[in-house]
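Common to both upcoming complexes is chain A, partnered first by chain B, then by chain C.
Here is the complex of A and B:
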C-alpha cells in the first residue's frame, strides 16, 4: 500500500495547483466553439441594423435583397408578429423588440435579418435591404431623461405607470429602488460634525469577450425537436425561455453551450439574434448559424455600468463613518435588459457600505431609458457590485483627505472587525466572514508602505520633478454566489445550482453540472473537489457542462457563483455517494459502519489497518454485489440552495508614476491580496486574479463606450475600444489570506471577479492620490493620458 | 461570383481549390478546410486570434485573401504538434497556465512559434512587444509571457542537443 502522502498526490485534489484538464484540446486547436459547428444543410443569418439612434421606420423594402444570389429569406418584425415573437420579455421584467417594431430605439438595433446559403451572401443581402427612416429627437444624457420635455422613448409603454419594480415617475423612468433606512441615515448626517460628498460617474463599458456572441439553431421538423448551440453562460435558463416563447415543450428543446471564448457577463442575456436564428430554423427547417462581428458585439449586446452616482459620508472628527447616503441615476438604455436576480433591479448594489461598520445607510437608484443599447450586465462582477465598491472606496478616500488622515489608517478605524462576523450591514446583508484588518496589514508590510509615503513626500516637495507619484488603496468586500432561492430567482426559477455524479464500475467517474465554464477551468476545479471527497484521482473524473439534455438544471456561471453554488453542489452530491460507499464497505468488510474510518481514497477498519476497501473496490461491488436491500449503482444528484451569499474580500495597493508633461500613467507596482476562503486550485486562482486585474486596468485606464449627441456610438471597434496588450498591462503581484466561508461545505467563496471589482477603484485612488496635495479629490475614469494631461494642465503642471 | 483556382500548402499538405476572390484566408481555413483552430475575434486585425504563419511570417488571416496565398505555405495551430508530441510553445502554455478560455490561444501559439524563430532568446520585454499584436481577455498576459519564455528555453536546449549530436 502506498504511503498516504503519495496517494494524496495521486488524487490531485483540493489545494493542489494541478495543471488544467481542458488545455489539451485548446493548445491543439481542437476546442469546439459555436462558430466551429457545421451542420448538414446549414445556412447563415446576418442582421440589418439601424444607423440611427431614434427614428420611426417608414418602410422596409426587401425586394433587392431577395434578388441577391444565395439569399433565401428576409425577416422583419411584420414576419414575426403572427408568431408573437417580434417582442420578447427581458430578464428584468421589461420587453425588448426582437426586430424593430415601427421604430428604432438605439443605433445598431436589429431591424431585419437575412438568411442566405453562406455568410458572404447573407452580408450582401444585408446591404441590399432598403429601410426608410424618419428621425426623432434623441435622448443620450441619462440625467436629462426625466425632464418634462425629454423625448419619450418607449411609446409601447404609454400610460403604464407601474413597471416590474413599482411606480414609474415619468415615461422614461423604469424603476426606483431603495435600500437601508432613510430616516436613520438623515439623522446620522444631521448629527455629524464631518460630511463629504462626491459625484462619481461610472462610464458605460462593455465586457468584450474575445469570442463574440452567436448560435447555430437546428430545428428538426420530423421529430419536432429544437437543438441550439449557443454562446450562453446560462443554457438551462435559455431553454426555459425558448420553451416559453416558442410553445415547444421544454423536453423538445435542447440548448448546448459548447466551449465559450470568454463571457464576463456579456453572454448571460438572450439576444434578438438568437431568437431570429431559432425562428428562421423553425420556418426553414434547416440549421441556421448566426455569429456577430465585433462591431455588432460592442454596439448591441449587453453593456455594463453607466451609473451616475452621488455619494455622501457622515463622520466623526476622528474619521469614524456614521452614515452613508447614495443616489444613483442608472442608464439602462432603450430596454431594461439588466441581468440580475428578479427582485434586485439594482443588483447587489447594497453592498455599497463596503468593508466598513457603518451604522446608518440609505441608497436609492432610479433607472431610466435612453437611446442606447439595452443591458446592464455584471462585467466580471456580481450584479452591480463593481459600482458599489467603486462608490464606497472613492468616498472613504475623499473623507481621509478632508480629515488629513492616511487612507490606510482611516480604513483600519472603520473596518468591520473579525469578531463582528456574521455581520449584518445597515443594508441588511449578512456578511459571512472576514478579517479585513489582517489583510490590509499584510499588504502594507509587503510593500513597506511608510517608505512609499516618504518617497512620495520627497517627490511632492520637489517642484522640478518631472513626474507625480500616486498611491492607491482599496479594501473591499464582494457579495457573490447568488443565491438563496428565498431571495434570488431568474424569471421565477430559484438560483440554486446542481451536480450529478456517477461513479463507474471500474472506479472512474463523471460529474455533470448546471454551470458552464467560459475559461474558469471548471473541468479541473470540480474534478479536484470530487477527488478529495471521494478518493478518485481528479485525472479520472470527467466534468461535463452546458448540454441541457444531459446536465442537471442549473442557473449557470456568472456573478462568481460556480464555486460558491456549483462547487458546493459537487461536494454535497459526492457526500451522498460517500455515505452509500460506506454502507457497501461495511458490508464487504463485515463490520458496522461505525467501525470504519475514511482515509483519502478508502475506508479502513478502525484498529485493524490491514483491512480496508478502496473507492475502486467499492465501485465494483456497487455494480457487482451490492449489499442486500441496497439498490445497485453508485451515483447521486444534488441541487444546492445556498443559505447565504459568500463575501470574498481583498486589499489592493497600487503605485503609479504620472508624467506631468504628457499625462501618461505608469503603473509601477500593483499588489493584490485576495481572500476567497478555501483555495481549490491555487494556480487557477492566480490566473483568474491576473485576468481580473487586467480587465480592471482596462476599465480604469481606457474603456468607455461614448456617444455623441445624435446617439452615434463612438468607438465600437477594437481600434477605439481599449483592450490592453502585453505591453501596457502591468506586472501583478499576488498574495492571499484564507478566511473560509462558514456556510459553504468546502469553505470556498469564489474568486474570479474580486480582482476586477477591487482593482478599478484602486487605480482611481492612485491617480487621484498623485494630485491630492493639490486639492484634487476625485478624477473620472478612464484615466487616459489625454484626460490626465488635461488635469496636469489645469493645475499648471504641464504646458 | 467567378472562382479562381489556388494552390496552397497548408500544414505541409498540398491543397488545390477554386475560391471566390473575396474569400478571406481565415474563412478558407475554417470553412473550406475545416481547420477551425484558427479563430475570429474581430474584423479589423487587432485581436490576433486569427494569426497564422504565411511563408515564414505571422499574418492575421482575417485580413488576407485566400487568393493572395496562391503558391504560398501556410501553417496553423493544427500543424504545430508533430508525431503526437506537442510543440514547445504548446507545452509552455500548458505548463505555465498560459490560457483560460482558449479562444486567443491558437493565435498566441502561432505568434510565439514565429517570434521564437525571429528571436530565440528573447527578454521578457521582447516577448511582450513581440506578442503585442495578440489580445487576451482572460490571462492578463503574465502567464503567457512565462509560457513563451518556457518554450524559448526548451527550444534552445533542444537546439544545443542537436548541435552536440551533429558535432
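Here is the complex of A and C:
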C-alpha cells in the first residue's frame, strides 16, 4: 500500500493545480465548435438587418432575392405569423420580434432571413432583398425616454399599463424595481452631518466572446425529432423554450452545446437567429446553419450594463456610512431581453451596499426602452452585480475624498466585521461569510501602501512632472451562485443544478452535469471534486455536459453558478455513492458500517489497518456481488437547490501613471486578492482571475458601444471595440485568502467573475485618484487616452 | 462578411499582371497582402469583378542594395522588412515602422507596396517613405517610370498610379553615418491605425540640426511632409524652444478627420506630441 501522501497526489483532487484536461484539444485546434459541424444536406441562413434604428417597414420585396441562384427561401414576419412565431417571449417577461413586424426598433434588427444552398448565395440573397422604410424619430438617450413627448417605441404594448414587474409609468417604461427601506434611508440622510452624491454612467458594453453566436438546426421529418447544436450557456432551458414555442414534445427536442469559445453572458438568451434557423429546418426538412459575424454579434446580440446611476451616501463626520440611496435609469434597448432570475428585473443589484455595514439603504431602478439592441446580460458577472459594485466603490471613494480620509482607512471603518457573519444587509441579502479587513490589510502590506502614497505626494508637488500617478482601491463582495429555488427561477424553472455520476465496474467514472463550460475548465475541476469525494483519480473521471439528451437538467453556466451550484451537486451525488459504497465495503469486510473509516480512496476497518477495500474493489463488487438486498450498480444523481447565494470577495489595488500630454494611462501595478472560499484548482482559479482582470481592464479602459443621434451604432467592429491583446494587458499580481462558505458542501464560492466585477471600479478609482488633488471626484469610463487627455486639457495639464 | 462573386487571376510575371490590368480595365483590382482590400470586399464596400493577385510574382519580392541605392520589391512583407539585416543596418526606420503595423499575422501577409499603393493616410508606410525621400517605380504598358514618394500621394485613396500600372519597387538611399531616426505612433491598441504618428530622419552637426526630414501619419487626407517644421529646426540646437517651434509648425498643417480615436484638436495635438517623441528618439540615435 502506498503512503497516503502519494495516494492523495495520485487522486489529484481538490486543492491540486491539476493541468486542464480541455487544453490538449484546444491548443491543437481539435475543439469542436458549432461552426465545425457540417451535416449532410445542410443549408445556410443569413439575415437581412435594418439599416435604421426606428422606422416603419412599408414593403419587403423578396423577388430579386429568390431569383439569386442557390437561394431556397426568404422568410419575413408575415411567413412566421401563421406559426405565431413572429414574436417570442423573452427571459424578462417581455416579447421580442423574431423578425420585424411592421416596424424596426433598432439598427441591425432582424428583418428577414435568406436560406440558401451555400453561404455565398445566402449573402447575395440578403443583398437582393429590397426593404422600403419610413423613418421615425429615434430615441437614443435613456434619460429622455420618459419625457412626455418622447417617441413611443413599442406600439405593440399600447395601452398595457401593467408589465411583468408591475405598473408601467409611460409607454417607454418597462418596470420600477425597489429594494431596501426608503423611509429608513431618508431618515438616515436627514440626520446625517455628511452627504455625498455622484452621477455615474456605466456605458453599454458587449461581452464579445471570441466565438460569435450560431446554431445548426436539424429537424428530422421522418422521426419528428429536432436536434439543434447551439452556442448556449443554458442548453436545457433552451430545450424547454424551444419545446414551448414549437409545440414539439420536450422529449423530441435535443439541444447540444458543443465546445463554446467564450460566453460571458452573451450566450444565455434565445436569439431570433436560432428561432429562424429552427423554423427553416422544420419547414425545409434540412439542417440549417446560422453563424453570426462579428459585426452582427456586437450589434444585435445581448449587450451588458447601460446603467445611468445616481448614488448618495450619508455619513458621520468620521466617515461612518449611515445611509445609501440609489436611483438607476436602466437602458434595456428595444425589447426587455435581460437575462436574470425572473423575479429580479434589476438582477442582484441590491448587493450595492457592498462590503460595508450600512444600516439604512434604498435603491430604485427604472427600466426603459430605447432604439438599441435588446439585452442587459451579466457580462462576466452575476446579474447586475458589476453595476452595483461600481456604484458603491466609486461612492465610498467620493466620500473619502470629501472627508479627506484615506480610501483604505474609510473602508476599514465601514467593513462588515468578521464576527457579524452571517450578515443580513439593509437590502435583505444574507452574506454567508467574509473577512474583508484581513484581505485589505494583506494587500496594503504587500504593496507597501504608505510608500505609494508618499511617492504620489512627491509627484503632485512637482508641477513639472510629465505624468500623474493614481492609486485605485476596491474592496468588494460579489453575490453569485443563483440560486435558491424559493426566489430564483428562469421562466418558472428553479435555479437548481444537477449532477449524475456513474462509477463503472472497473472503478473509473463519468459525471454528467447540467452546467456547460465555455472555457471555465469544468472537465478538470468537477473531476477533482469526484476524486476527493470518492477516491477515484481525477484522470479517470470523465465529465460530460451540454447534451440535453444525456445530461441531467440544469440551468447552465453564468453568474458564477457552476461551482456554487453544479459543484455542490457533484459533491452531493458523490456522497450518495459514497454512502452506498460504505454499505458494500461493510459487506465485503464483514463488519458494520460503524466500524469503517474513510481514507482518501478506501474504507478501512477501524483498529485493523491491514483490512480495507478501495473504491475500485467496491465498484467491482457493486456490479459483481452486491450485498443481499442492495440493488446492483454504483451511481447517483443529485439536484442541488442551494440554500443561499455565495459571497466571494476581494481587495484590489491598482497604480496608474498618466502621461499629461497624451492622456495615455499606463497600469504600473495591479494587485488582486480574491477569496472564493475553498479553492478546488488553484491554477484554474489564477487563470480565471487573469481572464477576469483582463476583461475588466478592457471595459474600464476602452470598451463602449456608442450611438449617434440617429441611433447608428458606433464602434461595432474589432477595429474599434477594445479587446486587449497580450501587448496591452498589464501584468497581474494575484493573492488569496480562504474563507469557506458555511452552507456550501465544499465551502466553495465561485471565482471567475469577481476579478471582472472588482477590477473595473479599481481602474476608475485609480484614474480619478490621479486627478483627485485637483478636485476631480469621478471620471466616466472608458478611460481612453483621448478622454483622459480631455480631462488633462480642462485642468490645464495639457496644451 | 461574405464578398460577392469575383474572378481571380494569379499572374507569375509583372508583364502578365500589367497585361491583365490593361485587358480587364477598371473592374480589376490588384491584390497584395489583402489586409485592406479583402475586408472592404467582405463588407461589400468594394466589389471588383476581378482580382489580380501579385503574390506569385517572385520578381516583386526581396531587398537588395545596388548602385548605392536600397531597392525593395513592392511585394516584400512587413515581416521581411523587420527581419532583413540590410535594412536594420542601412535603413532602420523601415523595420522600426513595420514593427508597429498590425500584429505578426498581419505582418506575415501585409506588404510594403500594398500599404503604399492603397493611398490610405492611416497607413504607416506613406509617411515613412516621405521621410526616407524614397522613389517609387511604377510599371505600366508603356514601361517603368519613377515618382518621388512626396509626389505619389494625391488624396484620400488617390495616388499617382494609373489604372493599368503596378507599383513594383521602392528605392531609398541608405542612411549616412550619424543619421538618427524614429517613428513614434500613438494607437489605441495592437492592430489599430495611428491616432497620429510622426517619422523623423535627423542629422546633427556640432550640436545643431544639419538635416531633418519629418512626415506625419493620419492627420490629413494624405501623409504629410512637415516642411515648415523641418525648416524650424535647421541650423538650431535641438532644444526645447526648437522642438516647440517644430511641433507648432507640424500642428499647423494637420487637418485630421474626427473619428472614435479622437476629434481634430486631439489628433492635431498628438501629431505634435509624436513629433516631440520622435525627435527625442532620433536625436538619441544620432551618433
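Methods note: the second predicted complex is superposed on the first by the 799 of 799 C-alpha atoms of A that agree within 3 Å, B and C clash if a C-alpha of one lies under 4 Å from a C-alpha of the other, contacts with A are read in each partner's own complex, and residues count from 1 in each chain.
Simple rule for what comes next: contacts are C-beta pairs under 8 Å (C-beta built on N, C-alpha and C of every residue); 3 or more make two chains touch, one makes a residue touch a chain.
Small disclaimer: the values here were computed from a predicted structure and weren't measured.
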First, second, both or neither for A:798, with chain B first and chain C second: second
Chain B versus chain C as contact partner of A:63, first or second or both or neither: neither
Partner contacting more residues of chain A (chain B vs chain C): B
First, second, both or neither for A:420, with chain B first and chain C second: neither
Partner chain in contact with A:294 - chain B first, chain C second, else both or neither: both
Touching partner for A:251 - first (chain B), second (chain C), both, neither: neither
Partner chain in contact with A:666 - chain B first, chain C second, else both or neither: neither
First, second, both or neither for A:23, with chain B first and chain C second: first
Touched partner set for A:715, first chain B, second chain C, both or neither: second
Touched partner set for A:550, first chain B, second chain C, both or neither: neither
Chain C-contacting residues of chain A that also contact chain B: 119-120, 293-295, 719, 723, 725, 727
In the complex with chain B, residue positions of chain A that touch it: 19-20, 22-33, 35-36, 38, 119-120, 208-212, 259-262, 264, 291, 293-295, 518-521, 683-684, 686-688, 690-695, 717-719, 723, 725-727, 729, 731-732
List of chain A residues in touch with chain C within their complex: 46, 119-120, 122-124, 127, 293-295, 661-662, 664, 702, 706, 714-715, 719-720, 722-725, 727-728, 784-786, 789-790, 798-799
In the complex, chain C residues that touch chain A: 1-2, 4-5, 44, 103, 186, 188-192, 195, 260-262, 266, 269-270, 272-273, 276
Partner chain A, residues of chain B touching it in the complex: 20, 22-23, 27, 30-31, 34-44, 46-47, 49, 76-78, 80-81, 86, 90, 93-95, 97, 99-106, 109, 127-129, 131-145
